Amino acid sequence: MDKGRLEAFSDGVLAIVITIMVLELSAPAEPTLAALKELIPTFLSYVLSFIFIGIYWNNHHHLFQAVEQVDGRILWANLHLLLWLSLVPFVTAWMGETEFAAWPVALYGLNLLLSAIAYYLLVRTLLARHGQDSVLANAVNRDIKGKLSLVIYATAVPLAFVSTWLAGGLYVLVAIIWLVPDRRIEDLLAK
Amino acid sequence: MDKGRLEAFSDGVLAIVITIMVLELSAPAEPTLAALKELIPTFLSYVLSFIFIGIYWNNHHHLFQAVEQVDGRILWANLHLLLWLSLVPFVTAWMGETEFAAWPVALYGLNLLLSAIAYYLLVRTLLARHGQDSVLANAVNRDIKGKLSLVIYATAVPLAFVSTWLAGGLYVLVAIIWLVPDRRIEDLLAK
Amino acid sequence: MDKGRLEAFSDGVLAIVITIMVLELSAPAEPTLAALKELIPTFLSYVLSFIFIGIYWNNHHHLFQAVEQVDGRILWANLHLLLWLSLVPFVTAWMGETEFAAWPVALYGLNLLLSAIAYYLLVRTLLARHGQDSVLANAVNRDIKGKLSLVIYATAVPLAFVSTWLAGGLYVLVAIIWLVPDRRIEDLLAK
Amino acid sequence: MDKGRLEAFSDGVLAIVITIMVLELSAPAEPTLAALKELIPTFLSYVLSFIFIGIYWNNHHHLFQAVEQVDGRILWANLHLLLWLSLVPFVTAWMGETEFAAWPVALYGLNLLLSAIAYYLLVRTLLARHGQDSVLANAVNRDIKGKLSLVIYATAVPLAFVSTWLAGGLYVLVAIIWLVPDRRIEDLLAK
């Protein structure tokens, strides 16, 4: 089976997810700076989610470059990931519109956690098909960032009920971890 | 004629259908768990439709791998399928927002039935072009799942007026039938 | 310059146009057959537009199979066509929601007319680049359907103010003309 | 790393951005010419943004034809551009619905300015990777239009508070500069 259509379909879904979030930023009725300021939480929430979807697209892109074969299990593991990512516009809107209230911030993190688990399961499914000696197995070897993200999300979700700033800060931290090139992180952890 | 653009266009439409459904999940005004709970029927309805579109994309993907030639008739048979699938977000929203009332549940099933008939017609149109000895003819041979789905949908639609739970349960049953790999189903039917 | 991305971008825009129209079909609050019946004009309007976008995608697909070279002029002639086609969801919604009132029906036809003119200009731009002896020139030779459509649209738009049924009937006629394979139409005109 | 998926993802995002803007053109309740006239500012705003997204897609298309290699930095520079372009539907709607009031017109220009800066940074990132002797370096050589656009946007944004017509006129000027083929502009500047 060919991986081309799986990549094209995933690109399509991620491109739509990253773009339709802007529909939640509805134009205010008043043409004033004050009206614009009220949108700041929604805008920040939008930018954060844009970066997360960008990270997933980046990682998906890298992951599938090493993929050689695709089967039914892999298609479904990929759709499972897309399901959670497709909910990002919903949790983004709720978090932004409620100005980062506790439940929405927790749900946002839970959705990120479920997406990260789905990504992990997709990698496992791919490895089961390609074997431990494949290019893929080497490419995803160790995956420090992935494991670290899971731990941070799992910590941040309950923390949202203590301090939404702390939880939000941890989400930003995960985004930064992924934006920083791999080598620097490994250097940092090696210290 | 080249099948590449037909696949790309279908992937595009299915990616959009599967993603815009989330726009029906509008963020509640209240940042509370109670507000979130009210969205549960809409969410369940969303997940069910996500799985159905996923199944169609999967099957479409498999079907067209065996396709060698495409003509005007096939383009239109494919667009006919996409027409019914494009209505999935509408029936999904109606079913979810009315908390699985009888008419919406029946219409949801009717739309699935019409999609399944359109898929059947697409396969027939492809077979008429490729002949009974083609790779395609072997690939779609028998198609137990397709026929079973048609029967279940046709049963579930009127049943929606007796019990929406029963009708909904039958839709879930069809989804499970497609998620289970072929061999296990054939083993089961062979008993 | 490569025609691949022009085709991919056009496919993307047309796939989105054909799919987001369904967002105008908003789920009624009441779970009744009566509520559903009120959507019939919007639904019919949707199906008509779905067929028109399908026809354009079909024709675009055929046209570009014969295209060998793409330049800046052609990219803009193509974007000009996509501009009018991107307005289809708007005119479709207005026509459907006003239950086929005179102005919306006329505007719908005007948009179809402008799309048809844009398509004609795209073909001219392509011919200017490829020359009269090219495969393309032979492929678009005569173009009875295109010219006939222009005449019918130009007739139907003013007629909308006399009888919306007549204008609507002419739009359906154009759709039928394109759905019927070429040879049969030529036979009919030869009589 | 392969540039194919970067192009496909960018095409997807731009196709969605250019198309979902039409969702802001909501069908008026009244089927009258007067109701339609009220939409003229929103429509003009839509057409202007359609042309700008078209220009970006065109330039992106040309730029990446000369690109040979893609890395993580380039993926992010590209996503940064897409972030600002994804906000175009929002600023377009605000500008149109407020009938070209000062703040919305200024924000529209600011968004164009940030998009232009992001495009400039993308070109720099690509050049850093490809070197000064590459095909790419020759292709983007001088870039009069890009620099001129930056200057005009930076002038137009504060001018919006003096005269929205002047600011709007400058945005249209930039669009015209890009629509006119390169050679003519260079001839004009050489005079």
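As written, the chains take the letters A, B, C and D, and residue 1 is the first residue of each chain.
In this text, a contact is a pair of C-beta atoms (placed from the backbone, for glycine too) under 8 Å apart; a residue touches a chain by one contact, two chains touch by 3 or more.
The shown structure was predicted, so the numbers you read here are calculated from the model rather than taken from an experiment.
Using the average of C-alpha coordinates as each chain's centre, C ends up farthest from chain A. Judged by shared residue numbers over all numbers used at their interface, chain A and chain D contact each other through mostly different positions, with under half in common. Centroids of chain A and chain D (each the mean of its C-alpha atoms) stand 27 Å apart. One simple way to say how far apart two chains are is to compare their mean CA positions; for chain A and chain C this gives 38 Å. Within chain A, contacts with two or more other chains are made by residues 8, 12, 15-16, 20, 23. Of all the residues in chain D, the ones that touch chain A in their complex are 1-2, 5-6, 8-9, 12-13, 16-17, 20, 23-24, 72, 75-76, 79, 82-83, 86-87, 89-90, 93-94, 97-98, 101-104, 107.
Of all residues in chain B, those touching chain A in their complex are 7-8, 11-12, 14-16, 18-20, 22-23, 25-33, 36, 47, 50, 54, 57-58, 61-62, 65, 179, 181.
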